[in-house]
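Look at the two complexes coming up: chain A is in both, with chain B in one and chain C in the other.
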Partner chain A sequence: MSIATTPTGIGIAEAAARPKRGLGKLVARLLVYGLPTVMILLPLVSFLASSFLGQDNGKPTGGLTFANYAAFFTSSSYLYVFFGTLKLAFTVALISLFFGYILSYLIWRLEGSARYLLLLLSALPLVMNYVVKIYAMRSILGFNGFLNTMLLSLGIIEVPSRLFIFNQTAVMLTMAVIYLPFGILPIFLALERIPQSLISAAADLGAKPGQIFMTVVLPLSLPGSIAAALFVMVIALGDYLTPQMVGGSEGFTFGRAVWSQFGMAFNWPFGAALAVMLLLAVVALIALASLISRTARVR
Partner chain B sequence: MVGTPNVIQLVGVTKSYKTVEVLKPVDLDIRDGEFLTVLGPSGSGKTTILRMIGGFTPPSSGRILLRGTDIVHVPIYKRPFNTVFQDYALFPHMTVARNVGYGLRIRKTPQAEIKRRVEAVLETVNLADKAGRYPAELSGGQRQRVALARAIVCEPQVILLDEPLAALDAELRRSMQEFLKDLQRRIRTTFVFITHDQEEAISMSDRIAVMDHGNLVQVGTPQEIYYKPKSEFVAKFFGENNILPASASGSPPLAVIESPLGKHWAPADHQGALLFAIRPESFRLHDGSDLSAGERVAKARLDSVTFLGATTQLSLSVGASDEHRVKIRIPTALSTQNLVAGSDVMLRWSETDVSFLPKG
Partner chain C sequence: MSLPERITVTLLWIIGTITFAVLYAPAAIVILLSFVGVKDRKLDWSDLSLQWYGKFASNSQLIDALSNSLIVGVCAVVIASTISVGLAYYMKTGARAGRSYVEFVIFLPFVLPAIITGISLLIAFRQVGIERSLITVTAGHVVLILAVIYRMVTIRLDALENSQIEASLDLGANSWETFVHVVFPQLRSALLTSSLLAFALSFDETLVTFFLVGGETTLPMRLWAMMRTGFTPEINALVSVVLCVTLLFAALAAMSLRESIERKS
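Coming up: the complex of A and B.
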């Protein structure tokens, strides 16, 4: 060790340590690139590959084919469900954007501890079990549910309505309620990113509260809010459990179509092809969301 | 009150947050067209004063008068003042031209007039070629000038500047100081400027209001503040100063003040223990020539000589048993090179350069 104090000694020690550090770097690289490859990319590639497989009696055959995609694009019913689900998810996103924005804005305008308490409360459903939330919505929307009971007791309707359960509306309402917290949090963050001094500056330059909202708050928070809504749309697109539980036979969605190919028809390659179509839609939405938030950040 | 030379008057204005009084009662007159600097260390209440004038925070008590009319209850967007914020607060989603025109658009000024005035004011701040840029594409100094342009284009009665130069590096800061002072002379608008930088305050202001711990301790021209401080805080806050203990006695009209630099006479409102303050550059070395009226001399022992370039700083001991230290700064000359530590010298100064401060 006494050698290490001389300049040449340090050189020797460094040279000895170099291969070791090289090995450490290699292991780190393997972890950084290897883990995502094994855990994310491989399953994705395998399911992408299986969508090009033919199948016979519930068993994939070895041959490669475009037949699964051809079947999707030529089947009017699958296309109908696909675009119907896009529309449904879009509606859910719009509702989250609208109500999420209003709620976030109101919370954002609060001061002191009430603000974070309310934010916490609005985020609380996120940690609740998903199935429990769906059941809760079912008990509200159901034939003998809270909504019907209330409307009956108010005398608005005379017999319980079947309008709220086991149809597309039920799926839409349930998703809108369950996914609202996913909208509130990012919209609140978008509002929170607006420096207080900008609002002071606008007021200082003569803007009334309404004008401040229209000229400063809304334009600065809208890109982030739209990105949040697109995120909600992505979750709604892939959801098959909510339509399964409150949709009934009318509330058929693309997520259920994918599930039925895997779980009931045992046509995995076709199911994979449908899932790939869903994935493409999701990737397109995420790309759009990131484009919107990036252009907003440049300014 | 019509015709008063004051644009703004603060009358007994205070501010408390819960039980903490951040601003003790303040009376301050801001004159029309002046460059007034509110100066103080951080936490002294200077920004609070600005925020209350601007309407961002209401005072806890007291009145704020705009040409004689109380504006405490006038909302911020109706006050004829504009603020330049410390972080500039430019709207990131608007171009320079739209940022500058914001106040005019809000007031529903005709499009053609907005265009003309924005172009004119961008010319004034030398940013005519940057009209189409976004704030993120500008340098710190350019953003600063956009913020200025945005404030002056509305032709406010007062422009409030909240430490606008704090974020700039030293060189840019100096050129912006000159630019600001020059701009203020050209547009003849009252500037209320907040800073914690003494040099900045002295070089830019017509008058300085010095704040300390929520108190307005002194208001005056830079010369008054520098040479005639009224408290130990002000005397020590600006540059170097010699502060010596003294005591006053005697009966009206004149009190006799005993100090380590000999006897002085002052108005009889000074009594008992007090402090004696004099600037290092107010001293000269006595060359034996005749003293003029009000000039005084005292013997001192030279402890050390520090050559500073154009000036030379001498550290001296004064008092009956050389127990007090005094620093003086004199122009460097051939004769100063012959000064030797340990020798005795005679100091010479004018009584008018001495301030007597309450002790404590």
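Coming up: the complex of A and C.
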């Protein structure tokens, strides 16, 4: 492009500017490729590397070792928490898929500004402060909370229940409420991608609305919706503050285990190794999600 | 519509309405409790007042944290926008072999759980010997929101005809002048929308910030600390105010997004 700008021959000033421009290009290239590398990739690499660092009672020994990973795989309690958290995040994803699909489907059927407004309303809880949402959920689920008060006054239970707070159920319910909105928009987009002509064709050929849903809408939107649910599962897996706040001692999750190594336990290499296990699970989920949405697109 | 279908749809709407109610329950409770006190598991309507709104305004810890959050948010958005526009413009003005690499790296923090990003940055800062402060927090936010701004800017730039840039260059403008007079004016609405969104993300960011925060804290960190020692209704008041401001911003962002979609189609 720079050649096209100099059809009149090279003037003295431009000749002087030449090496400078070459330097500028080099600097630009360095910035463009260097900045993301330094800001994002290098920290990730140093995190991965630090999971192989040896340590003795919290002091780094400097050598490289697999001991941190060995400690994870030989500890039944860490393995138990790891799979327990996978199960928990999976449940949250299933809840998001079910209720998210219903909400998205209802909104998708609407027309005009009601559709736009409801879509906006379903995304709005995302911008509400996360810490406050956890706190509000605790005051809803707690022993003296709104849920217990409501169930008591409805006569469903006789005494306040401790079933909803400081256990895995509490973590699951809170995460479901907080992360459901993340599922709605992608599911809605999956529904939006269905060509209107297919639905009209099915209707012209005499399919009833229920049949159209079961044979056209559901099969075409399910892959995208499952991918959305897997995305919710990824977010739920990495959360460590929600279980900390509403989980109590029973609601211990893998995210909390990782976090505690960087806080109180102060064993960074082991914490990094635990985080790598989390990362592997996440990468597997993302790969699965992209596989599902890709096969759906090919068909 | 036949009867069973009508019943199904009604049922779905009931489930949908309840889901909506549950999604908004946390916000509703916070706003309610900012006005009304609680006594013996019951709302005490005689306690209805605006006193907590006055109290939070005089809580210097909260106000400090709030202003820290605003500063971090604005800085992160400005830095991330500058980087995004630079990167996107570079990719636009030539066939760049490394484009997929750069985009892959930028989108990583957006896809990976926040805890991974937080730990990575913490370890990296420790290795180069940078103490945790608001600067490290800002760096973390830049990394996180880069993907959002870059994506929106590239979508807008890709829609821009290459011939406009070529014409400007042919007519004697250098690439800086071309950028200022031809490209940037067309990016403004995309930048505005993505900046609002990115600011909202930064303002609420908790899971990465936790690993990077030093002595001075942001609002979510302060709220977390207060929550552990006992929440007071003044926090409900502050959060209600924040909520209303965010709603306003979200409405603005949604409107400008809708505008840009309609203009494109």
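Here, the second predicted complex is superposed on the first by the 266 of 299 C-alpha atoms of A that agree within 3 Å, B and C clash if a C-alpha of one lies under 4 Å from a C-alpha of the other, contacts with A are read in each partner's own complex, and residues count from 1 in each chain.
In this text, a residue touches a chain if its C-beta (ideal position, glycine included) is under 8 Å from a C-beta of that chain, and two chains touch if they have at least 3 such contacts.
Predicted model, so just to flag it, every value in this text is computed and none were measured.
Participant: Once chain A from each complex is brought into register, does chain C clash with chain B or fit beside it?
Facilitator: Here the two partners, once superposed via chain A, fit next to each other without clashing.
Participant: State whether A:L44 touches chain B only (first), chain C only (second), both chains, or neither.
Facilitator: After superposing on A, A:L44 lies in contact with chain C but is clear of chain B.
Participant: With the two complexes superposed on chain A, say which partner A:F146 touches: chain B (first), chain C (second), both, or neither.
Facilitator: A:F146 contacts chain C only, not chain B.
Participant: With the two complexes superposed on chain A, say which partner A:L163 touches: chain B (first), chain C (second), both, or neither.
Facilitator: Once the two structures are laid over each other on A, A:L163 reaches no partner at all.
Participant: Comparing chain B against chain C, which has contacts with more of the residues in chain A?
Facilitator: C
Participant: Pick one for A:L291: touches chain B only (first), chain C only (second), both, or neither.
Facilitator: Neither partner.
Participant: What is the contact status of A:K208 with respect to chain B (first) and chain C (second): first, second, both, or neither?
Facilitator: Touch partners of A:K208: chain B and chain C.
Participant: By the touch definition at the top of the document, which applies to A:V216: first (chain B), second (chain C), both, or neither?
Facilitator: first
Participant: Per the contact definition in the header, classify A:Y240: touching chain B only (first), chain C only (second), both, or neither.
Facilitator: Once the two structures are laid over each other on A, A:Y240 reaches chain C alone.
Participant: Pick one for A:S200: touches chain B only (first), chain C only (second), both, or neither.
Facilitator: First partner only.
Participant: Using the superposition on chain A described above, determine whether A:Y135 touches chain B (first), chain C (second), both, or neither.
Facilitator: Touch partner of A:Y135: chain C, not chain B.
Participant: For the combined overlay, can you note the least CA distance between chain B and chain C, rounded to whole Å?
Facilitator: In the combined three-chain model, chain B comes within 9 Å of chain C at the C-alpha level.
Participant: Taking the stated contact definition, name every residue in chain A that is touched by chain B in one complex and by chain C in the other, in rising order.
Facilitator: 208
Participant: Per the contact definition, I'd like the list of chain A residues that touch chain B in the complex.
Facilitator: 195, 197-198, 200-208, 211, 215-216, 219-220, 296, 298-299
Participant: Show me the residue ranges of chain C that touch chain A in the complex, using the header's touch definition.
Facilitator: Against chain A, the touching part of chain C is residues 1-2, 4-5, 8, 12-13, 15-16, 19-20, 22-27, 29-30, 33, 41-42, 83, 86-87, 90-91, 93-94, 96, 98, 101-102, 105-106, 108-109, 111-116, 119-124, 127, 139, 142-143, 146, 166, 169-170, 172, 174-175, 200, 204, 206-207, 210-211, 219-220, 223-224, 227, 231, 235, 239, 242-243, 246-247, 249-250, 254, 258.
Participant: Under the touch definition given earlier, write down the residues of chain B that touch chain A in their complex.
Facilitator: Interface residues on the chain B side: 54-56, 76-78, 81-83, 85-87, 89-93, 102-103, 106-107, 134, 136, 150, 154.
Participant: Which residues of chain A touch chain C in their complex?
Facilitator: Contacts found on chain A: 1, 4-5, 28, 31-33, 35-37, 39-44, 46-47, 50, 99, 102-103, 105-106, 116, 120-122, 124-125, 127-133, 135-137, 139-140, 144, 146, 149, 177, 180-181, 208-210, 234-235, 237-241, 245, 255, 258-259, 262, 268, 271-272, 275, 278-279, 282, 286.
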